[in-house]
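Multiple structures follow.
One chain, chain A, links the two complexes that follow: it is found with chain B in the first and with chain C in the second.
== the complex of A and B ==
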C-alpha cells in the first residue's frame, strides 16, 4: 500500500516537473545573493557558508511543501486517500516523496553552493581541506527531518484560510535544533575539530521524528478533511 | 478511596461544564483579587524597599523580582496549554479547548514581559541587552511558539478544526521545548565558555520576597486565565439559553423566538 501511494506521489511530481525544480532554483539563488549582500571575499564567505546553506535549505523545503498537500486537499483526493489507507501511510508516503523530489536534489546540488561560498578556501600556505562531503552528510541527515516536521505544519494549515506564511511561523521555531547541529557540523569541520557528536545528534533527531511525526501528521490530515 | 474518586469525578465533570464554571468563577474572583493585591503589596514592598541591595549589581537586582516570576509562568502557561490540548483531544472536553485558547495570549504576554525585563536587567549588569545565551534563546523560541499557536488558531473559520489543529501544534511544541533548550545550551557551550546563568546560593533576604512575588504572579495569572476563559465561554456559548439569561438578554429574545 505504501509503495502504491509513493508511486502515485512521484508520478504526480513527475507530471509537474517544473514546479518540482523551483525549490532547487530557489536554493541556489538565495545562497548566491549573499556574496552580493555581504562581501565576496572568500575568507568571509567561508565563515558564513554553513549557516547560509542551511537556512536556504530550510526555506526551500518549507516553500516546496505546498506542492504535495495543497492540490490533493483542494480536489478532494486527500479525503479518498485517507479512506483508502491509514493516515500514517498517507503521511509517510507524502513525506518520502517530498524528500525524494526536493530534499535529495538539495543535497546533491549543495557541492555547487560549497564552491560558490568558498567552503574549501584555504589561505596561502595552508593545507587545503575538502569540507564538501561533511556538508552533504549534514544536509542528508537534516533534510528528511525538515520534511517530516514541515509535513505537520502543512497539514495543520491546510484547512486554514491563510497559509503560506502561517506554515513558516509555526514550523521555523521547531527547526532550531537541527539548524544548530546541522550548521555546527560544518563549522566544526572548518575549525578542524570533531563533529561526530553533532552528526549523531542529527541522526537521533531524524529517528525520533521518523517515529513520532507520521502519526501527528496523520492526525492533522484527518483534522483538515473532517 | 471510593469517595475520593467520586469527588474527583464530580469535580472533573463540573469543570467540564461551561455553565458551572461561568457561574462559580464570579464568586472566586473577588477572593482571588484580594489575595493577589495583598501579595503584591507585601511582595513589592519587601522586594523594592526592605530587601538588601546586591553588592555587585546594586539596585538593578530588583528587576529579578519581576523577571523570575514571569519566566516561571511563561513556561507553566505553555505546559498548562499542552495539558489542556491533550485532555481536549482525548476526552473531547470543550472547556479544555477553551482554556487552551485562553492561556495562549496570557502565556505570550508573560514571555514578552520576561524577555523585556531580562534585557532591561542585562544593560546594567552584562553591558548588553541581548546575548545568545541558552535560556534567552529558548525563551525567545517559546514566544515564537506562542505566536504560531495564536496565528494558527485564528486562521480557521471553523472553530472545531481550529481547536484540534492548534491542540496538535501545542503538543508538538511541548515535546520540542526540551529538545530546543538542550540544543541551544549545547550550541552555546560550544561557542563560549562564559556563562551568565551560573547558579549561586541566593540570600534568604532576597529569596523570601522572590517567593512572595512568584506567588503573587501565580494568583494574577489564575485571575487572568479565569477572566479570559469567561470571555471565551461568552464568545462560544453566545447562543446558549443559560448564558443569555445570565447577562440579562434572555427574556426578550426568548419571547421573540417563541411568540
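== the complex of A and C ==
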C-alpha cells in the first residue's frame, strides 16, 4: 500500500518536473548571491558558508512543500486517499516522495555550493581539510526532518488558507533547532573540533520526527478534508 | 452493541442518533437512518440542506457531533470494520490527477482496492462509455463530461459493497444516464447499497427509499 502511494507521488512529481526543479535552482541561486552581495573573499565566505547553505536549504524545502499537498487537496484526491488508505501511510508516502525529489537533490548538489563558498579554503599552504562530506552529512540528516515538520504545517494550513506564507510563519520557528545543530556541525568541522555530538543530535531529532510526525500529519490531513 | 451476526452476503448501513453540523450550523439532529442491502436511496433537498455533508459524514470524512454509523453492526471507525474497503465515495470533485492518463488514474485506485484492473477491463468499461480511445490521454485533455465518465468507470472497476454518489447524474448525456441507472440497479440486485443525490428525477431507475433533507430538520419518507 505504502509503495503504491509512493509510486504515485513520484510519478506525479515526474510529470511536474519543472515545478520540482524550481526549489533546487532556488537553492543554488540564493547561495550564489552571497559572493556577489557580501564579499568574494574566500576567507570570509568560508565563515558564513555553513549558515548560508543551511538557510537556503531550509527555504528551498519550504518552497517545495506546496506541490505535494495542495494539488491533492484541491482535486479531491486527498479525500479518496484517506478513505482507502490509512492517514499515516498517506502522510508518510508524501513526505518520502517530497524528500526524495527535493531534499535528496539538495544534498547532492551541495558540493557545488561548497566550492562556491570556498568551504575548503585553507590559508597559505596549511593542510587542506575536506569539509564537504561533513556538510553533506549534516544536510542528509537535516533535510528529512525539515520535510517531516513541514508536512505538519502544510497539512494544517491546507483548509485554512490559500496562502503558502502561513506555512512558513508556522513552521520556520520549528526549524530553528535543526538549523542550529546543522550549521554548527559545519562550523565545528571548520574549527577542527569534534562534531559527533551535533551529528548525533541531528540524527536523534530526525528519528523522533520520523516516529511522531506522520501520525500528526495524518490527523491534520483528516482535519483538512473534513 | 456490536453483535457480530452479520451474514456474509447481506450488508447494511445503519445510522443512529446522527447529529452533524457545518460551520456551527446544525444540519441533522439525532437522526436514525438505515440503508439495506440491495436498496437504492435517493437523497434530495434544496441546495445547502446538507446532502453533501450527510454523504461526507457517511463516508467518514466529516466528523460526527454525536451518533454512530454502523456497517454490518460494526462501527465504521472500528479497526475490524471493513467499511473503508467496502465504500466507494464519488464526490463533486472527481479526484483524478490531471497529470496522469486516464488508465493510470483508474489503475491507481483499483490497486488501492487490492487488485489492479487489467487493460482489457479498462477498455471494456471505457467502450461502454465511449471513451475507449482516450485511455492514454491525460485527464486534463478531456471535456467536463468525459472527465465525469472517467470517474464513473471506477464504479465498475472497483469491487465494493456501498456506493455513496454525490450528484452522479449531473453533466451526463441521456445515454450515460441510462448506463448509470442500469449499473446502479444491477449493483443493488447483487446486494450492494446505493446512496445518491440528485435534483432531477431519474426515469427508469427503481428507487427503494427517498430521504428528503430540509433546512431545519430532516424527515425520512
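Here, the second predicted complex is superposed on the first by the 225 of 226 C-alpha atoms of A that agree within 3 Å, B and C clash if a C-alpha of one lies under 4 Å from a C-alpha of the other, contacts with A are read in each partner's own complex, and residues count from 1 in each chain.
Everything below uses one rule, namely that a contact is a pair of C-beta atoms (placed from the backbone, for glycine too) under 8 Å apart; a residue touches a chain by one contact, two chains touch by 3 or more.
Since this is a predicted model, take the numbers as computed values, not measurements.
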item	value
First (chain B), second (chain C), both or neither touched by A:226	both
Which superposed partner A:156 touches (first chain B, second chain C, both, neither)	first
Partner chain(s) touched by A:83 [first = chain B, second = chain C, both, neither]	second
First, second, both or neither for A:16, with chain B first and chain C second	second
Touched partner set for A:75, first chain B, second chain C, both or neither	second
More chain A residues in contact [chain B versus chain C]	B
Contacts of A:196 with chain B and chain C, given as first, second, both or neither	neither
Doubly contacted chain A residues - partners chain C and chain B	226
Complex interface listing, chain C residues touching chain A	56, 59-63, 84-85, 87, 89, 91-100, 104, 108-109, 111-113
Interfacial residue positions of chain B with respect to chain A in the complex	137, 141, 144-145, 147-149, 151-152, 155-158, 160-161, 164-165, 168-169, 171-173, 175-176, 179-180, 182-184, 186-187, 190
Partner chain B, residues of chain A touching it in the complex	152-153, 156-157, 159-163, 166, 169-174, 176-177, 180-181, 184, 188, 201, 205, 212, 216, 219-220, 223-224, 226
List of chain A residues in touch with chain C within their complex	1, 4-5, 8, 11-12, 15-16, 71, 74-77, 79-85, 225-226
